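Each of the next two complexes has subunit A plus one other chain: subunit B in the first, subunit C in the second.
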Partner chain A sequence: MKIRKILIVDDEQIILSYLEKKFTKLDYSVYLAGDGEEAVKQAFLNNPDIILLDIKLPKLNGIDVCKKLKADERTKNIPILILSARAQASEIEIGIAAGADKYLCKPMSFPDILSEIRAYDNK
Partner chain B sequence: MDKITHNHDEQQRRLLQEYIFNLEDVQEQAEELSAAHEKLKQSQEMLRAVVDSTTHGLCLLRNNIFTWCNEAFLDILGWRKEEVIGKAIDLIHPHFVEDAKSGIIFGTSPKTMREHNLLHKDGHCVPCLVSGRILQLDNPASYILSITDFSRRKQMEQELRRHSERLEEIVKERTAKLLIANEHLHEEINERKWTEKALRESEEKYRTILQSIKEGYFELDLSGNIIFFNEAACRSSQYSTEEIMGMHYQRYCTTESVMKISKMLREISSPEKPEKRIDFEIICKNGKIIIVEASVTILLDQVGEPAGLRFVTRDVTERKKAQEEREKLIRELREALASVKILSGLLPICSCCKKIRNDEGYWEQIESYIKNRSDADFTHGICPECRKKLYPNI
Partner chain C sequence: MLVSYLILSIIPLIIMGYIANKNLRDTGLQAVLRAEEMGSHNLQAAEYIGKTSIADSVVALDRKSTEAIELRTVELAARIADFLYERDKDLRVLASIKPDSRHYLDIYRLSNRDVIDTERPPVTDTNKADSPIMTSSNPENRDAWRHLPPCPARKLSRPLYKEITFIDLQGREKIKIAGGKISGNLLDVSRKENTYCRAENYFTHLKKLHKGEIYVSRVIGEQLKGWLYNTPEGIKISPESSYAGRENPSGKKFAGIIRWGTPVYNEKNEKAGYVTLALDHTHIMEFTDHVSPTEERFTILSDGGSGNYAFIWDNEARCISHARDFFICGFNPQTGKAVPGWLSEQTYNEYKKSGLTLEEFVEQLPSFSNFTQVKSASIEQIKSGFIPLDCRVLDNAPQCQGWHEGTEDGGSGSFLILWSGLWKLTTYSAIPYYTGDYGKSKRGFGYVTIGANVDDFHRDANITRANIEKSLREQGRKIISENNKTRELIKENASTNRLLFILIAVMACLAVISISLLLSLTITRPLRQLTHGAVEISRGNYEQSIRVKSQDEIGQLAKSFNEMAKTVSEVDKMKSDFVTTASHELRTPIQAMLLGISGILEGYSGKIDGEVREDLELAKTGIERLMNLISNLLDLSRIEAQKIEFTVSQVSLAEIIDRAIAEVSDLAQKHRHTIVKYVPADIPDIEADHDRMIQVIINLLSNSIKYSPDGGKIIIRAGEKEGKTVLTVIDNGYGIPSWAKEEVFKKFFQADNIMSHKVGGSGLGLTIAKGIVENHGGYIYCESPVPEGEFPELPLGGERKGAIFVIEFPTVHNPRT
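Right, the complex of A and B next:
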């Protein structure tokens, strides 16, 4: 099954706007969340095919969002790709331990991000 | 310290991410712009090709001054480009500005084409269809004009009008002739109908007569097949109507009769026309032979050519039989008469020897003469006088 619905979670509006524009052009359905709580809400509401999740978020950080979603029956199977500016090994470990399927470090070009998303097509 | 470094690193990464996304965005926009530019260029080239190849004259005016025109425009009005660009519209249309203001040029829509006489370079007027559109590109307003040389079309329209008038005249004449012809046709049809009716009645009468007469009637085609006959023909021959139709004369005629009829058919087209009356024999269905006396005429087709023979027949078998018997009787009578020996008339006899001169001129003894011409015979004796003479002593 091809990935069609993406939930993008980031507190930076520029990031959100840019990614939304790019993914929409490629016919993805894009849902946005600017904070952790909104991210969880969107995930339960829209059941996206994949989540692109930043770690540094207001209200609820990305690690907690990841844990919460992976603990819930409804969302545990949704692949979560962490896209974070925190690139230390420890942070990466924490992210993976929280249940993230992949930990991507900023900065990344859009083609690379897209390639990571497409890797989950038919999975 | 580490935490500060990490925070700084994180900050830098975030900024870099924004920068990368911005750059990508700008790059994409640049590509889109380049593609749009390319498309525009292609459009321009296509437009230029269209404008250069059209036969409609196009020109652009700004403040009533020519700023651009295409080749077709120059061809129609006979100018060169440098003689037009920068010149006022009055060059080709002296009252253009007033007419434009009053809506004469542009009409109510860009699609409205109006006829105007535009000035050719050599001074004559060129009838053109003109349409225009005001372009609000900038200040002052400019407009585009489209002109189409109407002169050829006008000429053709005039010719067409002339032809059309002529055609109308011809149609009128033809219609009048047709009406007359139609009337004649109606008359002819009525006449024909009357004639057909008369013909039908005549045919009916003819058919009735034919069927009621006791004489047989039949017609043969040139091949000798029966093509028409009456009831009497059926009756006398004892064939049914289905059997008779199409029957060839060889089937119902004796050999001699076949020869006679064949000869007649042959002579139809020759200068010696066939005999008008013949007798021939017909073999009836039951094998009986009857003799018919036929009156024969030549059957003609619709164009007057011989198409066969027509026979009116009468059964003369009995009559023939009676005739034959009569002739037989006469023959016998004659024979009988011939055998009756009569002596009559003057007989030339020799006064000395008593020989008689016969019909052939020979002197014949009297005894043989009489014997040959009668039933009499002779027995020889002697009379007393001759006895005395010949035998005086007896």
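Right, the complex of A and C next:
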């Protein structure tokens, strides 16, 4: 099944707008969230196919968002790709332990992000 | 440090103690020596003073005593003279009265004088024992109170005269009082044989007298026999010898007379006859027989043996009074001749040779010729028993000459003479009685001499001297004993001091030990803690805190250290925070850049032409490099802070080498380098962080790729050596200059002077590799150039010098089977 709906969560507006622009151009439905609470809301509301999740978020941080979503029946099957500047092994562990399906380190090129998302097309 | 402190403190103490003790002892001993010296000096001085003062006082005493004795002699002589002048008076009184036997008898009876009774014991008072008056009842009189009771001798009253006679002009006795009564035995005294001892010739002289003139005779008496013999104890008198006082109290006394006479005139002033008085010579002898020049002053019995007595000599130097009566010049009553004086042996021999009679010989003998003590007295005369002392011829007694000469002018004096082994003082004084023939010379009647043993005067001085000497000896002994005591004391003190010093030294040791312990507790331990803390901080453990136990400098130091640690910790935290923050904050804008540019390059933003593409590629490269640099910096900072987290697991060297090679293969291909690997199949695993180790190998390979001219070869080998796992990367690149072998591992080192063009990279690759390796407990180093022939498959030469990088891991696993 092809990924159609992406939820992008990041506190940086420029990142959000760029990714939205590019993903939309590629016919994805893009939902955006600037903070953790919004992220959870969006996830419950729009039921995306995949979530790109940053860790450093206001209101609710990414790890908690991940835990929350993975704990919830409605959203536990949504693959969550953490995309974070935090690249330490411990942080990666935390991310994985929180339930993230993959942990990507910033900075990542757009083509690389795209290919990561595309990797879940048939899952 | 403790030990050296101990030694440094104790040794000086001990040395000081020893020196002080020695010095003290030496000083003490020196003091004793000095004291001894002083003592003996003092003793010597005292002895000298003692001797001198004794000598001086002896001299003074002698002078005073001599003075006293001389005075006594003079006074005695004066009294004798007075006595004799009294007899002149008696005679004149007699001559003035009409001769009458009754009157003469009365006068005879009235003329008495006391003499000392030598026969009967002295008067002893029954309460004499407690009677001596010890001191005056008036305290003002008690100073130097001296008292002597009167002479205890008994006195006898004795008639002055033996006879009183009246003689007619022819020499016939008309009146005679003798023996206490009127005597009827009237004799013709013009004839010598009718006189006393047949020796008197006074009538001849009387006939020549004018009115008022007086004739006085010499002493006339029977010569007494005497014997002397010398014993070691001194002169002894034979028991039969004549009276010699103490020596022979029962002997015969000399019985002599002195005859006075003067003409008697009747009313018509015609010479009627002569009146004579015969003085009992005993009274003259009384003047000197009881005199003693010693403290006793008087002696009841004269003592010839004592050497202290008085004697009288007449004007012709004949002895007329002596302690030993046999020395008195007397007459032979048979012949009426004077007995010749005692001669020296030598002179006696001459007499024998002379052929004269002894009387003749003596008469013609010159007076006072060759008098010397060297001569000895004539023994024959002693044997005969007739040894009167006639100074004129007594030539073994030079003092006779002295007296005679001294009295020539009627004066008095004294001199010393060594007589019979004793020093004697002998005084003389002329008796100033000048009646009759006695007026012929200034010598008068004769002279009194007193002989005194010098030692007797000196007795007091000698006693004093003996006392002084005794006292000096005492002093000497005392000083020696005191000095010995002092010496002992010093020795004792020294040993006590030594003990004390040892004690003090021990105590000082203990004190030093306790101080050191204290030091260690208060200073050393905190210092060690501080050091430990500092070391920990240097290792990166910033959470250090030292317990502050005191308010002193150490406490302050601890406090400061804690604050510093806190600051360092804070700084480190800040740095970590910064690094973390930077890494995050930097990543975000880079992410944005990368997204934008990568998107464009991949065509997601529309078509772009080649130039646009090229320029964007440039940007992308820049971004990648920037990202690389940031990653590396962060890595490095974490490595340096040892905060990097390793996930240690069993890592297969073969696998990580393959992975690393795969990672750099693009870069290698780009520069046409060949990478060859030699990894034995049985190489043991290492315990390491998998990804980090890959990073290390990647860094080494990249480094070799970058620093080799294109078309180079890189060999990577894994092996074992001496229990260590060894990984080696060899290239044939530009090599590393010897000075840079350590430098290459330092931050940002890029060896610009080796390369003509810059290489990519941050210059941190090797640094990070080293950090990771060392964090694993390993060791990394490089060698350059590659030695010839060590790797034959590696083409070298020209600018291809090559470099070898070696990593050693200390841990060795059991090889995987």
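Following the convention adopted for this analysis, the second predicted complex is superposed on the first by the 123 of 123 C-alpha atoms of A that agree within 3 Å, B and C clash if a C-alpha of one lies under 4 Å from a C-alpha of the other, contacts with A are read in each partner's own complex, and residues count from 1 in each chain.
Methods note: a contact is a pair of C-beta atoms (placed from the backbone, for glycine too) under 8 Å apart; a residue touches a chain by one contact, two chains touch by 3 or more.
These numbers were taken from a predicted model, which means no experiment stands behind them.
Novice: Look at A:102 in the shared chain and tell me whether it touches subunit B only, subunit C only, both, or neither; answer first, second, both or neither.
Specialist: neither
Novice: Among the partners subunit B and subunit C, which is in contact with a greater number of residues of subunit A?
Specialist: More residues of subunit A are touched by C.
Novice: Answer with first, second, both or neither: which of subunit B and subunit C does A:67 touch in the superposed model?
Specialist: Neither: A:67 stays clear of subunit B and subunit C.
Novice: Output check: A:26 vs subunit B and subunit C. Expected answer is one of first, second, both, neither. What do you get?
Specialist: In the superposition, A:26 contacts subunit C only.
Novice: Looking at the overlay, what does A:89 touch: subunit B (first), subunit C (second), both, or neither?
Specialist: second
Novice: From the superposed pair, tell me which subunit A residues show up as contacts to subunit B and also as contacts to subunit C.
Specialist: 12, 14-15, 18-19, 56, 85-88, 106-110
Novice: Under the stated contact criterion, what part of subunit C meets subunit A in this complex?
Specialist: 583-585, 587-588, 590-596, 598-599, 602, 604-605, 623, 627, 631, 645, 647
Novice: For subunit A, which residues are in contact with subunit B within the complex?
Specialist: 12, 14-15, 18-19, 56, 85-88, 105-110
Novice: For subunit A, which residues count as touching subunit C in their complex?
Specialist: 12, 14-15, 18-19, 22, 25-26, 56, 85-90, 106-114
Novice: So in the complex, which bits of subunit B are touching subunit A?
Specialist: Result: residues 6, 9-14, 16-22, 24-25 of subunit B touch subunit A.
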